[in-house]
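Order as written gives the chain letters A, B, C, D, E and F; numbering starts at 1 within each chain.
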Amino acid sequence: MRPDNLPVLPLSLMLEAVKVALQEDLGRAGDITSAATIPAEATATAAFVARMPGVVAGLPIVESTFREVDPSILFSPELRDGNRVSAGDVIARVDGFARGILTAERVALNFLCHLSGIATATAALVARVAHTKARILDTRKTTPGLRAFEKYAVRCGGGSNHRFGLYDAVLIKDNHIAVAGGVAEAIRKARAAVGTAVKVEVEVTSLAELAEAMTEAPDIVMLDNMSLDDMREAVGLVAGRAVTEASGNVTLATVAVIAETGVDTISSGWITHSAPALDVGLDVEV
Amino acid sequence: MRPDNLPVLPLSLMLEAVKVALQEDLGRAGDITSAATIPAEATATAAFVARMPGVVAGLPIVESTFREVDPSILFSPELRDGNRVSAGDVIARVDGFARGILTAERVALNFLCHLSGIATATAALVARVAHTKARILDTRKTTPGLRAFEKYAVRCGGGSNHRFGLYDAVLIKDNHIAVAGGVAEAIRKARAAVGTAVKVEVEVTSLAELAEAMTEAPDIVMLDNMSLDDMREAVGLVAGRAVTEASGNVTLATVAVIAETGVDTISSGWITHSAPALDVGLDVEV
Amino acid sequence: MRPDNLPVLPLSLMLEAVKVALQEDLGRAGDITSAATIPAEATATAAFVARMPGVVAGLPIVESTFREVDPSILFSPELRDGNRVSAGDVIARVDGFARGILTAERVALNFLCHLSGIATATAALVARVAHTKARILDTRKTTPGLRAFEKYAVRCGGGSNHRFGLYDAVLIKDNHIAVAGGVAEAIRKARAAVGTAVKVEVEVTSLAELAEAMTEAPDIVMLDNMSLDDMREAVGLVAGRAVTEASGNVTLATVAVIAETGVDTISSGWITHSAPALDVGLDVEV
Amino acid sequence: MRPDNLPVLPLSLMLEAVKVALQEDLGRAGDITSAATIPAEATATAAFVARMPGVVAGLPIVESTFREVDPSILFSPELRDGNRVSAGDVIARVDGFARGILTAERVALNFLCHLSGIATATAALVARVAHTKARILDTRKTTPGLRAFEKYAVRCGGGSNHRFGLYDAVLIKDNHIAVAGGVAEAIRKARAAVGTAVKVEVEVTSLAELAEAMTEAPDIVMLDNMSLDDMREAVGLVAGRAVTEASGNVTLATVAVIAETGVDTISSGWITHSAPALDVGLDVEV
Amino acid sequence: MRPDNLPVLPLSLMLEAVKVALQEDLGRAGDITSAATIPAEATATAAFVARMPGVVAGLPIVESTFREVDPSILFSPELRDGNRVSAGDVIARVDGFARGILTAERVALNFLCHLSGIATATAALVARVAHTKARILDTRKTTPGLRAFEKYAVRCGGGSNHRFGLYDAVLIKDNHIAVAGGVAEAIRKARAAVGTAVKVEVEVTSLAELAEAMTEAPDIVMLDNMSLDDMREAVGLVAGRAVTEASGNVTLATVAVIAETGVDTISSGWITHSAPALDVGLDVEV
Amino acid sequence: MRPDNLPVLPLSLMLEAVKVALQEDLGRAGDITSAATIPAEATATAAFVARMPGVVAGLPIVESTFREVDPSILFSPELRDGNRVSAGDVIARVDGFARGILTAERVALNFLCHLSGIATATAALVARVAHTKARILDTRKTTPGLRAFEKYAVRCGGGSNHRFGLYDAVLIKDNHIAVAGGVAEAIRKARAAVGTAVKVEVEVTSLAELAEAMTEAPDIVMLDNMSLDDMREAVGLVAGRAVTEASGNVTLATVAVIAETGVDTISSGWITHSAPALDVGLDVEV
């Protein structure tokens, strides 16, 4: 049940991230332990093995890491991003010079464990709303520098992406509304400013505000920290004229009942800012 | 009880990280919502407010973020990195043009919440071993691109830093030992290769291996996944001739009993790869 | 009649572009003519003067250029981006050390003349459709490396922006349709893949294709190289359920009649890839 | 009649420009349309086809663009830079995965159309002075960030390059002369300052100034905005002791008569700052 | 007698340095002489030949230089870094397109001659102390931007590396001691601040200061500008409880007697900041 | 006797070099010694003091280094680049927070000592030819990454600059001549290819070759490794129609007699690739 239509991460984005991570780990002197103890000609095979169940994300970055350290190392995936794993499953193998494998190990694992943790957390929320039409969305609450990868991991876990940044969609919040002079006026100003290719979303905190907002036909309305009852009524009020998005207090415990209010989407910061890493190890095989 | 002697993050390191994070969030078109709805001349004051108790880390990066977006915004910290906060505490205030404050908000919060989450998790472990001499260490299991900041956050939480990368200390693991021909030989090779300014650590998994390692006088021995009994015996065997480091199965539940074995240090990957973000918000003040 | 709501160019975007342009012009040896002939302490005042009528765009980049070369040079704009100029009008003045002014002159003018040329060309199209509701849109046919600035210049000329890149909106063209198995299927696939914050546009070349597309409710339909009659009929067929965009054969001569078909928007590559530079000079004042 | 001795663009210069252009177009999310609608395994062949007559320039950058997006795409040029094309001519073909071809299409075309436009404009001037010895020169009035490529395109069109920047030749203008204390003194100062490998050019606006300049034996004299009669007299006055360069009011209409005054070179800003793009399309072949 | 266990320079470090050096030499216009005079299809073989005796260092960077300029050029080393050469020895050969070979020649030689000069100077010091146990150390007195390569060259010459920067070891000097309130207090403060993976060195200038320092068990003591007698006494006082390092007045003439005092290490700035280049040429073979 | 007309190093060039050097020295953890032992509020004054006689070069880079580390540190030069110093002379002072001063110290000194060493070596050659008209030139035999600064230092020592790279002047050597089919043909090809702003130099090794070269009127002729007699005859043969440059075997011992042959210029690689550093220290003042 791997998600269809996973996006394609731009190659240069991955290479840049891998370079930064390797420079961080190698510094100027490199892997002084391997250089001192591993003969240049020694080879090894090693397996990425899941130590707990979850969803895999980040294999193209793992592959890029080994290619950057030593292009002669062979990377052989056993699974693909978006696949579920159980503890003990082999996710991929690497084969080649031992120095390169050990030098790349930690950077590769840091990417894989972090992104798979996000995919796993996302999949847990997605599973809980499977009986509804609601889609799980991410937010901009991501780790600085890794947003594109984290949003990709959300997709691997079956979630959908919200806007990527401040640049690709309008999201009018309370502070904007206060300064702009009301929710309707704020939407009008935004519509006039942005091109026709950009969606306009507005955050509302009450049914009254929602009603005013709907007079300007926003593309999306975010129902922020509303009660379940209000949310249900909001869905009725919108009546399909805009996409509805529930936000606030989204946990594994609450997500199902929120979804059952009929909202189209539910956004969660937790899946990116607080998902624990998936435990994966690299076992050198004899 | 703020830790003394917090390190000084290189300025260019912070600026580089802030630039990357802002480019990620602003893209080429910038903050299209604020540009459309907030007049250029509108000003605001806003407060960073903790929504849960924890330890603060990352304020210099928060300041750099606002300075990068708009140098005229005034940043006034109420607290310093390493300080404890309760829910509702004001951590810092910003004052200046509203557009710049709203544009920088999410990037600043993403740094602050992530790093404060690590400091908070570290402080929790540190508190549990306060009755012993054990110091809590971080690992290389960090978020790619953010290691220097995360290791700084560990210090804010009262922890100590392990090596920063593959380049600044030798850490001989089982794979190195296997290829090098035994633990003693691996230590000898490392000593011969690295300069006198570099420490040599070796990972051992049994008392027998520890005994062999000690014949070559390593600076640090890592006791990997040992039983509490073995750990206690290992500490006696080492007898102060090397720094002892416990590793494996370190949780809030187990850290105290591990510390009570008498080890000098305990290293934890969890504090960097899985610490939940500290919830902090930016409240615009009237 | 300066356009409202001009976007705010991210500061780091301007600084990066200015740095690249200065490195290109200064190389490693710098401005060897000024260093040899102008005493370090000589000062000057100079005026940016329009040599032909047009619309100004790029003043913040001009200011950034002087600041980068010599932060002590004072930049005093007489006009703002989006303002119209006649031949002889002073656009801005600079005052400070003569060496810095002469060193920065060409880079500053290259930005200003290029971007003002785009704003001027855009304004010419906008003026011709002022009696209709049609908005003039740019395209992705921009100068490599300068897209954000060129799209900003389009806004200065009164135009609107189409998508900024392949990343912020879906635009399904004939090639996508051919491979995806029909226009309706292509729209369905796109909707399923992208998040709710992204608009979906489809390019159609016939009324039949338009009719099929409309069954999947795209956000925007591009009427590509249609006859005026077909375009008029298409507008009726869409009936406000999607934004309509005319594309192809858009010139100063044709734009008015295209607009009169009732389309919402008209996109033009010419305004970015072929607009002649606006002639502006820097006159040193006695 | 392709120009001999075309320069070799440094590889890293092309790769850097291509990377910047692709990042601009792909952002963090990549080509979301192709990812959603084109299966990963679909392949295609496509041809770059001229839509109007002109001169080709930029094929190595086109090739670099496809290589950067997907190194497995095969690029097969039918022509070389500097070749003339008629409407309908195939310039090059690409063959490989459809996603990569469509993702790279616009960036490749933006380079090719822009640079070919410059080569075409240059060739038009060159053709008009073919009956004289005059060479057509470019200027520093180039698009920021693209100077090296634009100067290369000028060469493809049969033109010659003026200095690349402020760093590789001295060009003394009126402002320098005013501050330095006269044209002769300015030349002396420049000669004393720069190494023997650097040429010294001086801009003169009258025959009197020319006469004074010639007393210091400049390598090149620029005759700025002189009348045709003065230019003719200037050429006689110089008598081969320096290279003569005509500047100002150079258009397709005037270039021939300027050349007929006997000047060695004629410099034109128009060929780089205002040349319309050459219309080239990428046609997917069945 | 090539040194064992030479470190492995991170690949990206070499590529970055090579790119910078090539950009510096090629600028925007590239190798205009080769482009004008060498046909694109001409090939050549050339040999790197030592013109004086010494020790080779930098071959991987030489190889990277040719690969960056033209990946089709074959690089065939005859020797390895750390090998001794006599005048006339062939160090390596390159074979491929003549343009690429000539374009890369100077950058490759600049790296090779500079680093081999450092290796040669180091080897001269090492040879003079071969009858003692003393190791020759480098310092931070390196050429900006090239430290990692220069420290690698020191290793090629048989020397050892001191710390790589301010970040990987503590070195307490007189200025730190003065501010911190005494040498013992300074060591205590450092120990408390840095992690257990970091060594602490202290610089002492008298036997009294050494005695105080030893009460805090530093890892290394630097005996700065001490007389030979004091140095001998210092070695006795330390008695193996710390590594001893002699510093100051280290020349080819003095290094042997310094080593004979019994110090463990001798550090020299001369080997990096003042070693003359090794003369190596590239001879094109018929 | 400070040289007039010293060039102006582009600011961004200096900043980039300083950033690279600081990153190299500070790594990710920064100056751990100063952070641990120096209180944040401690201040100091320190003086750059020459320890041997020489010529100063690099003060603007020293200033940039302190500004980059801590903009509040005051830098007060006592001398200017190009000035002579005796042992004990104060070159400049810095005043401000002690941490920043100590953190920046080594990077600032590494630049200053290296560049002043080059200026000093250059000045020594210049002094020996002062009784002739010969100018001392540098070469492309520079330290990778530092060429612009080293060529600036040559100017500070009273020398002149040869071409900056492969891009700004043609220099035809034996290998080019061999492939191009003779020296005259090579000059013709070069003239045809490069623009009128570029000088053409040719290397000749015999009087016969010189005679052939002169038929094509090169701008500069390099007399490579010629005997003094041949050089003298060559100068007569050229008779002022080209600049003459002596190359090969240029040492402090030989430079005067070479100059006395009447050549215009003498180029030396030694002044950049092998000049010993000038010893300068930073003394903290009480």
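We adopt the following convention: a contact is a pair of C-beta atoms (placed from the backbone, for glycine too) under 8 Å apart; a residue touches a chain by one contact, two chains touch by 3 or more.
Model, not experiment: these values are computed from the prediction.
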Looking at Cα centroids only, farthest away from subunit F lies chain A
Here the gap between subunit A and subunit D, centre to centre from mean Cα coordinates and rounded to Å, is 44
Separation of the C-alpha centres, subunit A versus subunit C, in whole Å, is 32
Residues of subunit E that touch two or more other chains sit at 5, 7, 24, 26-32, 34-36, 147-148, 161, 164-165, 167-168, 189, 192-194, 198
Contact graph of the chains (line, ring, star, complete, other): complete
So, in the complex, the side of subunit C touching subunit B is made of residues 5-13, 147-148, 151, 161, 164-165, 168
Subunit B contacts subunit D in the complex at 24, 27-28
Within the complex, subunit C is touched by subunit B residues 19, 22-23, 26-32, 34-36, 40, 68-69, 99
Subunit A partner, complex, touching residues on subunit C are 4-5, 7, 135, 137, 160-164, 167-169, 189, 192-199, 201, 220, 243, 245, 264-265
The subunit B residues in contact with subunit A across the complex are 17, 20-21, 24-39, 42, 44, 98, 102-103, 106-107, 109-111, 113-114, 117, 140-148, 164-168, 170-173, 175-180, 186, 189-190, 192-194, 198, 273-274, 276-277, 284
